[in-house]
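Two complexes come next, and they have one chain in common, chain A, joined by chain B in the first and chain C in the second.
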Partner chain A sequence: MTIYFFYFFSFLIISSSILVISSNNAVHSVLYLIFTFFNSAILFLLMNAEFLAMTIVIVYVGAIAVLFLFVVMMLNITESEIKEGFLKYFPFGLILIAIFISELFLVFNFQNFPIPENVKINVNEAMLTESSNTKLIGLFLYTDYFIIFQISGFILLLAMIGAIVLAQSDERKLKSTSSINQKKVRKKDIIKLN
Partner chain B sequence: MNEYIPILIFLIFAFLLSFGAFFFSIFVGKKSSYAEKNSTYECGFEPFDDSRGRFEVKFYLVAILFIIFDLEIIFLFPWAVAFSEIGLFGFLSMMFFLFVLTIGFVYEWMKGALDWS
Partner chain C sequence: MLYEILIIILKVFIIIIPLMVSIAYLTYFERKVIGAIQLRKGPNVVGPFGLFQPIADGIKLLTKETIFPQNANKFIFAFSPILTFALALLSWAVIPIDYKVVLSDINVGIMYIFAISSLGIYGIIMAGWSSNSRYAFLGALRSAAQMISYEVSIGLIIISILLTAGSLNLSEIVLSQENYWYIIPHFPMFLIFFISTLAETNRAPFDLPEAESELVAGYNVEYSSMTFGLFFLGEYGNMILMSAMTTILFLGGWLPPLNNDFFNLIPGFVWFMLKVSFLLFVFLWVRATLPRYRYDQLMSLGWKLFLPLSLFWIIITSIVLYYY
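Let's look at the complex of A and B:
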């Protein structure tokens, strides 16, 4: 039963991602991309990865799609300009496809991912006893995979600072009042009698 | 997986309902159009410019900062669910993670990225 759902939703993913690259209007492309994200979340649900599915809906549909919309609106490109770049970027796209496919082969060749030596609990054993996907991630991420978790924190910090450095202009134009300075003002400072 | 079947049924009904409303109005509805009817409605006017104008990069900055704090909150969910079992070390590791992100937040605040002039 699940395999038919898998075929149905992966068919939707492939067809909507073809629509992403073939549609003339860039905003329509973003909408098809959102549809692709939703379907990939459903694929994660079919694999019992509930937390990842909800994360995809919150992060990709809720935040990344908005970011894509902003990029599309900020670039200010017309339809013909999109079509022009197709042949130019085609070899680069092929290289990316080759990288992704080779990564997939690597993943399927290693059936069992190498588990760090300091891990105290057996992941496969815990998957049988623990029913909640979110709790299982919580049990391992913050203790056994401590370093990876902290690295992700630093990556987020880096992204935050990088975005501010790139997009924030230096001069502060914001006008504000200071109540302390306002109370210091005396009559002789502002009224001048000749 | 069985608890998702109501959602699937809901999705099927939503799909049928929206497509039904769409295609019934195309095929069953009566169509009579003329030039006046297709023109811009009386209180509207012809657009002056392309609707897709460029806007300031500030909006993009807000969206990026939103994504980062979104991810921070997502890291909080499994932590809260498994809180009673990961002990003091799990608590402190999350506190350090939050501390690192608070450094970024203070930087952002001091730099004035949140001010809207």
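Let's look at the complex of A and C:
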């Protein structure tokens, strides 16, 4: 039964991700992208990884895709502008595809992932004892993979700082009045009756 | 197989039909409460005490003409109210009304609710974009920014509750409050959570997305008849859902206030409904009392006050839990 669901949802993922790159309207593309994220969360659910499924919905659909949609809606892109850079970016796309496919091959060829040395928790034993995968993920992330976890957090922090630095410009273009000056204004200074 | 599916569908109806009735009567309750606060009578013409007013409103909404704006994106325009309403109903699958009275007792219940409520933005932002109107678009943009900002502090507050309960399952969170409700140790977070739910459901004083005085009616200005009705039902459904969530996280769900024989006589779902009704009353009370926030005030409240406070509270909670 699960395998049919898997085929159904992966068919939906592939078809909607093709629609992401082929649709003419940028907003429609983002909506298809959201649909893709959602279906990939369902794939995790089919593998009994409910924590990851919910995290994907919360992080990707609930936060990142909203910001995508937010930006795309406010940009005024026409159809021709989208198609313009196709040939220019095509080689880069091919390189990315090659990288991802080779990564997939690496993952599937080495059945057991490289495990850090002196592992304290055995994966198979833990799977038997604990039923909730939330606890298991916590157990692994904060013991054996602690340093990798911290490094990924640090990369995210760097990205955040980078975004803030890019967004801040030195010029102060904002027209603003301080609230203290506003409070100092008296009626007799502004309204004159002749 | 078929039999099991039929049973599940029956259970869904047992949840949804009372929910729809309570959404309908919440609108009546709101008009009565605001009427009483403003020394008016509220609806009192249709039926005894105006009790049939929600039904009359429903018939009115159903029988009016559905108008599609000329330049609107038809599919998204029709889809977004359906999405909003469906999302308001979806979360009820995991809400425990009494001990073991829940449609599906999944072990990431609280994350499920959080995920579903974070999807609620899409209904609004798609409605605003697809109606191809300036007012609707501005309302949708405001609403998206507001909901994202307050979701952050809601998520952080949920984390500190989860740390105390030690589980993501909603029933277990309620059962862990047997000795004391979490409103006692987490009182400041209760206040922040309640204010954030006001912002999350776009209710007054944070009803900027539909600020009547400046944006006409915000994202739903182009909607008529039942498409508008679905937005309306979705908003009130979300109010009830958020109150239920506050009840589960802070007010001990179906548990009575004191564990003695007299209180235990009253069944758990009655306690649950009493608590939810009280919180809903506070929602309406706040709406009738406070003026609307300014947009920059709303943003600075969310990011500069609630976010650091709730983050700080997580650290305090973890320190306390680690040492005791």
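The rule we apply is simple: the second predicted complex is superposed on the first by the 163 of 194 C-alpha atoms of A that agree within 3 Å, B and C clash if a C-alpha of one lies under 4 Å from a C-alpha of the other, contacts with A are read in each partner's own complex, and residues count from 1 in each chain.
Everything below uses one rule, namely that contacts are C-beta pairs under 8 Å (C-beta built on N, C-alpha and C of every residue); 3 or more make two chains touch, one makes a residue touch a chain.
Worth saying up front: this structure is predicted, and the values here are computed from it rather than measured.
Colleague: Between chain B (first) and chain C (second), which, if any, makes contact with A:61: first, second, both or neither?
Modeller: A:61 contacts chain C only, not chain B.
Colleague: Based on the superposed arrangement, let me know which partner A:73 touches: chain B (first), chain C (second), both, or neither?
Modeller: both
Colleague: Considering only the touch criterion stated at the top, classify A:134 as touching first (chain B), second (chain C), both, or neither.
Modeller: In the superposition, A:134 touches chain B and chain C alike.
Colleague: In the superposed arrangement, does A:34 touch chain B (first), chain C (second), both or neither?
Modeller: Only chain C is touched by A:34; chain B is not.
Colleague: Using the superposition on chain A described above, determine whether A:51 touches chain B (first), chain C (second), both, or neither.
Modeller: Once the two structures are laid over each other on A, A:51 reaches both partners.
Colleague: Quick one: name whichever of chain B and chain C touches more residues of chain A.
Modeller: Result: the larger residue contact count on chain A belongs to B.
Colleague: Which residues form the common part of the chain A surface touched by chain B and by chain C?
Modeller: In the superposed arrangement, which is not itself an observed complex, chain A uses residues 27, 51, 55, 58, 62-63, 66-67, 70, 73-74, 132, 134 for both chain B and chain C.
Colleague: Using the touch rule from the top, collect the residues of chain A that touch chain B in their complex.
Modeller: Those residues of chain A that touch chain B are 2, 27, 45-46, 48, 51, 55, 58-59, 62-64, 66-67, 70-71, 73-74, 76, 132, 134-135, 137-139, 141-143, 146, 149-150, 152-154, 156-157, 159-161, 163-164, 167-168, 172-175.
Colleague: Quick one: in the complex, what on chain B touches chain A?
Modeller: 1, 4, 52-55, 57-61, 63-68, 70-72, 74-75, 77-83, 85-87, 89-90, 93-94, 96-97, 100-101, 103-105, 107-108, 111-113, 115, 117
Colleague: Quick check: in the complex, which residue numbers of chain A touch chain C?
Modeller: Listed in rising order, the residues of chain A that touch chain C are 27, 31, 34, 50-51, 54-55, 57-58, 61-63, 66-67, 69-70, 73-74, 131-132, 134.
Colleague: If we count contacts the way the header does, which residues on chain C are in touch with chain A in the complex?
Modeller: Going by the criterion above, the answer is residues 76, 106-108, 111-112, 114-115, 118-119, 121-122, 125-126, 129, 137, 141, 144-145, 148, 151, 155, 168.
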